[in-house]
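The data blocks that follow each hold one structure.
Each of the next two complexes has chain A plus one other chain: chain B in the first, chain C in the second.
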Partner chain A sequence: MIVNLLSRAMMMSTPLLFGALSEVFAERTGVMVTAIEGIFLMGAWAGFTTAYISGSLSMGLLFAALAGLLVSILYAYLCVSLKQHQIVTGTAINILVAGLCSFLQRVVFGVPLSPLTVEPLQKIAIPLLSKIPVLGPIFFNQNILTYSVYLLVPLGFFILYKTSLGLIIRSTGENPEAVDVSGINVSKVRFVAVMFSGLMCGVAGAFYSIGYLGMFTTNIIGGRGWIAFAICFLGNWNPIGAFVGTIIFGLAEAFAILMQSSSSTFLPNELFIALPYILTIILTISRKSFNVPAKLGSAYVKEN
Partner chain B sequence: MDKKTRDIFITSFLAILFGLICSGIMILFLGKNPISTFALLFSSMFRDGYTIGEIFVKATPLIFTSLAFAFTFKANLFNIGAQGQFYIGSLVAASISLLIPHAIAIPIAIIMAFILSGIWGGLIGFCKARFKANEFLISMMSTYVALNLMNYLLRTVLLESKGEYPQTDSLSKNTWLFKIVPHTRLHVGFILAIVVAILIWLLLYRTTLGFRIRAVGQNQEAARMSGVNPELIFVFAFFISGGLAGLAGVTEVNGVQHMLLQGFNPSIGSIGIGIAILANANPIGIIFASILFGALQVGGTIMGQISGVPSSIIDLMEGFVMVFVIISYFIRNKWEINREKKLLTEGVK
Partner chain C sequence: MEKPFFELKDISKYFAKVIANKDVSFSVNRGEVLALLGENGAGKSTCMKILYGLYRADKGEIFKDGVPIIIKSPKDAMRYKVSMIQQHFSLVSAHTVTENIILGNVKGKINWEEESNRIQHLADKYGFSVDAKKKIKDLTVGEQQKVEILKALYLDANLLIMDEPTAVLTPQEIDNLMNFVKDYSKQGNAVIFITHKLKEVMSVANRIIVMRNGMVYGNVNKEDTDEIRLSKLMIENSIEELEKPKVDELKKEVCVSLKNICVKEDQEIPLLNNISFDIHKGEIFGVAGVSGNGQQELCMALCGAQKINSGSIYLNNKDISNLSIKDRIGLGMAYVPSDRHRYGLVMSMSLAENILLKTSYSKQWSKNGLIDKKKLKDTTNGILKDFRVKASGPFAIAKELSGGNQQKVIVGREVENCGDFIIFDQPTRGLDLGAINNVHSAILSEKEKGKAILLVSTELSEIFTLCDRVAVFYKGEIQGIYNTSDLNSEKIGLLMAGYKNEGESING
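Presenting the complex of A and B:
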């Protein structure tokens, strides 16, 4: 049972990592992607719809990424180009996307008589490695997106701390004037970082619709985008921190699913459903030392 | 009217217009004629006395949740959890009305809902003040906690006596908010909402406390230097904000539903934020923006029933309007700067 729980935790942490890691990159340049919940939802819808129509999950993932990219371009235009308030803009876009998805769902599918489903992503057991007791089923019998996490975390860390690109990203959030003086366009760096976040979060959203449930409902994301957003904060804007955070939340979510299905009346179900959210509150309160990017959330206005 | 106010009217009007145009384009995807759809939307709103009354019924809770967002926004704080505070207020209102099936329950429900959802909100402010926690995240997460709390209570102690659905029994008629216009559902809660909005305006712009709140919003450190305690303001602002959202619970439970249903009005909090954005967080502007959004909802619901255009077009329309309102902030700012520059160059000559 423990193995089952941990294996599920690895799976449930995958979309959170996609979201949190890309949020780390965007926030290191100084832009909070507060449209993250909407981007997740857009990705979930586009992924499901494409997969349902084309019958191909990889097409679904591709279009989920593109749909996320579109939403993030709108967000970046308002926040980076027009320098509008990031939280206000994000809220507006989240409302827009929620309306858009339920409208488009109706346009494309009408009012279906039975729930529409697709076959979700299959688990791929890696030969030999998946046979290792305990560790095998946890780490090496997962779907393709979860495997990509093993690559993304070290890659993200390497890019952010060991390359000149990473240096530019980090400096843009800490000291945009210096970046500007060295001839790099601050707005461009931020715009691209938000676009990257849109691609990744679109895929993350699609994980819920086609990677796991095989269906789409308008409340499918249910605050998971915000949890990824929180993990970025709690993980101290660091890819490794984000990874640790997503594992904790993946565990909480897997535990909640396990407790709900075990039909014990010992504690109410609702408590377990609320567990990831309560955990976010507790961790937000108890974290003390934050390493906030200096210019996080403020627009860069060039003096002239 | 000074130039700034004129700009606000022009740009807001344009934002709404562009929002309508964008949603019109979306209607084309359905293979419907957007012009006749909009004509139907507007004629549905004013079909008869009942639907006109409905506009104000729908506007009532939106005024409260929108004020809730605007109040903390003035202190540069973000209360994204009005939805949860609304649920807490609904729980309190329903519990009190079920316990005391007399008219006296109404004032008690109003006061207790304000206080308890105020405390629920105030805790967020406390976390911000005491632990420097991010209020945006905590308020967002508190909604999901409140929702699950409500689901749990509706499944157990508050469950209807038939025990079929997760909802309470109907409230005693004594505890219903009385109607102010016959043959409509319009109840006294609307008047309450208007009065509260005016009170909030007075509090923010005509009292020292309101000045302090806005001072903390403008520049927290400067406010601290001049003797304002920002931490106290955090807690106070969130308490009032939570209480305001809780009042929406009273007007919905005692005024409209006359019972508590699982997961009712699920987007009242987020639409409230949208209205506050449209009204530039001005309490008086919020009244009018709420009536506008209320009218859209009434028209959209009727339209959805008769024309086959889904009522989610209204959410979409509201979303587009908000995005254009944000663009209009940018344009207004640009006009303002240009005016200042012109004044400056004229002054130099």
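Presenting the complex of A and C:
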């Protein structure tokens, strides 16, 4: 049962990590992608719809990423180019996307009598490695997206701390003026970081529809975009921290699913469903170290 | 004849409709230190930011060695080996020296060890004692400036532009900087030195460009000029001579009295220890000392923002030690704070609103329960006129004004609200000569009205010109109270450094 739980935790943490990791990059440049919940949802819808119509999950993932990118471009245009307030803009986009997805769902599928489904992403057992007792099923019998996370965390860390690009990203969130004086276009850095976040969060959203459930409902994301957003804070704007954070939330979610499916009546099911959200609040309060980018959330206005 | 190293020709620049630069032309040669002299807002920084690619000129050309060049961004400027050190350093304080210097100047994977060794080597070569691995926030301001210079050297700059580089340095650091500038220019490099301090110009520059109102008003060699001629070029209306009004010694009665004030925080060394003095009506009482020796706490304690642990404060024989800030304002205490951005003004509000701010609860501003707009407007207009504030009107936004004009607004407001006692905490810090002159004459006219004045200043010349008596502060204690006429700068310097001359001080 423990192995099953951990294996599921790895899986459930995957989309959160896609979201949190890309949020780390965007926030390090000084932009909070508060449209993250909407981007997740857009990705979930686009991924499902494309996969259902084309019959190809790869096409679904591709279009999910593109749909996420599209929403992020709108957000970046408003917040980076037009320098609008990040929280207000993000909230507006989240509401817009929620309405848009239920509208589009109706337009494309009408009101079906039975729920529409696709076959979700299959787990790929890695030969030999997946046969290792305990570790094998946990780490080496996952779907393609979970595997890619193993690469993304060290890669993200490497880029952020060991490369010129990472130095520019980190400096932009701390002191955009210094970046500007060094001859680097601050808006461009921020715009691209938000676009990157859009791509990743689109895929993260698709994980819920076609990577796991095989269906789409308008409340499929249910605040998980916001959890990824919170994990970025909790992980102290560090890829490794984000990884640890997502594992904790993945565990909580896996635990909730486990309790739902078991017939235990020891505690109400709803408590476990609420667990990740309660955890968010508790961890936010109890976090100690602060690494918050100095200029997070404020637009860079340059006289010209 | 040899072509100049860099040349600006007919550079014009407008912000909205305000002229920042108009037909600015001058050049700089190799091996030369060029001073760009002018008051705040004369357009010195603007034309240098154009040369560095931070601003785009609306008109005009730039030449290097006689060849026209186009500089669109700092990247272009760096390609032409131009570096600029901003007045407010543009460093990432959470990052290390190395990270700051290589920002944007390296590609791909960074070998941190190699890079920081290289920078350390460069720092050692120029005798800069800076640790390449330290974080900027752990460095002093002087060291931070060295990091900025190192960044220019790292890029092999041949033209170094420095915007008000001495404003934040100690006298010794200034000497070191001047030596560096001289050495660096001797190697065939050029330096453009933006400043409004005449003394520096005379000590370091070979040639001087004087700017006023966005235009060039003079281009002179150092040998052909002196400080007085330069100041005349620099300032539109020449400065009025200040005369200290004589107040009859005997008429003086005590207005403010401090008795054994102590301020402590967290059991540590007291911030103020046993401070006692009186200020008479019509007296300017100076507080001298190196910044951070308790002056700030003294002002805060007097205005009521800082709780005192023991002792008492009397205003006109009334004990005000436990009164709130608001009550003290009501009794006629006014306060010009040293940090005008933090404590003086709300930058995003209009001047009229800022004037209202400090006495907003007062009935004088209300009419039928609403703000008496007309009265507020008239009062503000009066202040703007009296203090010669350059602003578009009473509803101009505070942050649109230059520092000097902001300070005049604060001084105007405090003088307006002042009953008997007014505190000036470093009232001329960062101001140019014209504004300093305005503030000084305001202080003297308050004295003439018979008000008690406390003047905190780190500028000794200010203390000597204005004050009747002065208390020297050192580590939260009074080193002694003197008649200004009994002191010279050497003596006061020793007191400020903590040496006490027994038996010479007069009683407060």
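In this text, the second predicted complex is superposed on the first by the 302 of 304 C-alpha atoms of A that agree within 3 Å, B and C clash if a C-alpha of one lies under 4 Å from a C-alpha of the other, contacts with A are read in each partner's own complex, and residues count from 1 in each chain.
Criterion: a contact is a pair of C-beta atoms (placed from the backbone, for glycine too) under 8 Å apart; a residue touches a chain by one contact, two chains touch by 3 or more.
Bear in mind the structure is a predicted one, so any value in this text is a computation, not a measurement.
The superposition on chain A brings chain B alongside chain C with room for both. Applying the stated contact rule after C-alpha superposition, one finds that A:179 touches chain C and leaves chain B untouched. Judged by the touch definition given at the top, the superposed model places A:162 against chain C, while chain B stays out of reach.
By the touch criterion defined above, A:89 lies against chain B but remains apart from chain C after alignment on the C-alpha atoms of chain A. The partner that reaches more residues of chain A, of the two candidates chain B and chain C, is B. By the touch criterion defined above, A:230 lies against chain B but remains apart from chain C after alignment on the C-alpha atoms of chain A.
Between chain B and chain C, the minimal CA-CA distance in the chain A superposition rounds to 6 Å.
Overlaid on A, the two complexes show chain B and chain C touching no common residue of chain A. Those residues of chain A whose C-beta lies close enough to touch chain B in the complex are 74, 78, 82-85, 87-89, 91-100, 102-103, 106-107, 222-223, 226, 229-230, 233, 268, 270-271, 273-274, 277-278, 280-281, 284-286.
Contacts from chain C toward chain A in the complex involve residues 15, 53-56, 73-78, 84, 86, 90-95, 99-100, 102-110, 112. Contact residues on chain A toward chain C in their complex (touch as defined above): 162-164, 167-168, 170-171, 174-175, 177-185, 294, 303-304. Contacts from chain B toward chain A in the complex involve residues 26, 29-30, 78, 80, 127, 131, 133-134, 136-138, 140-145, 147-149, 151-152, 155-156, 267, 270-271, 273-274, 277, 310, 312-320, 322-323, 325-327, 329-330.
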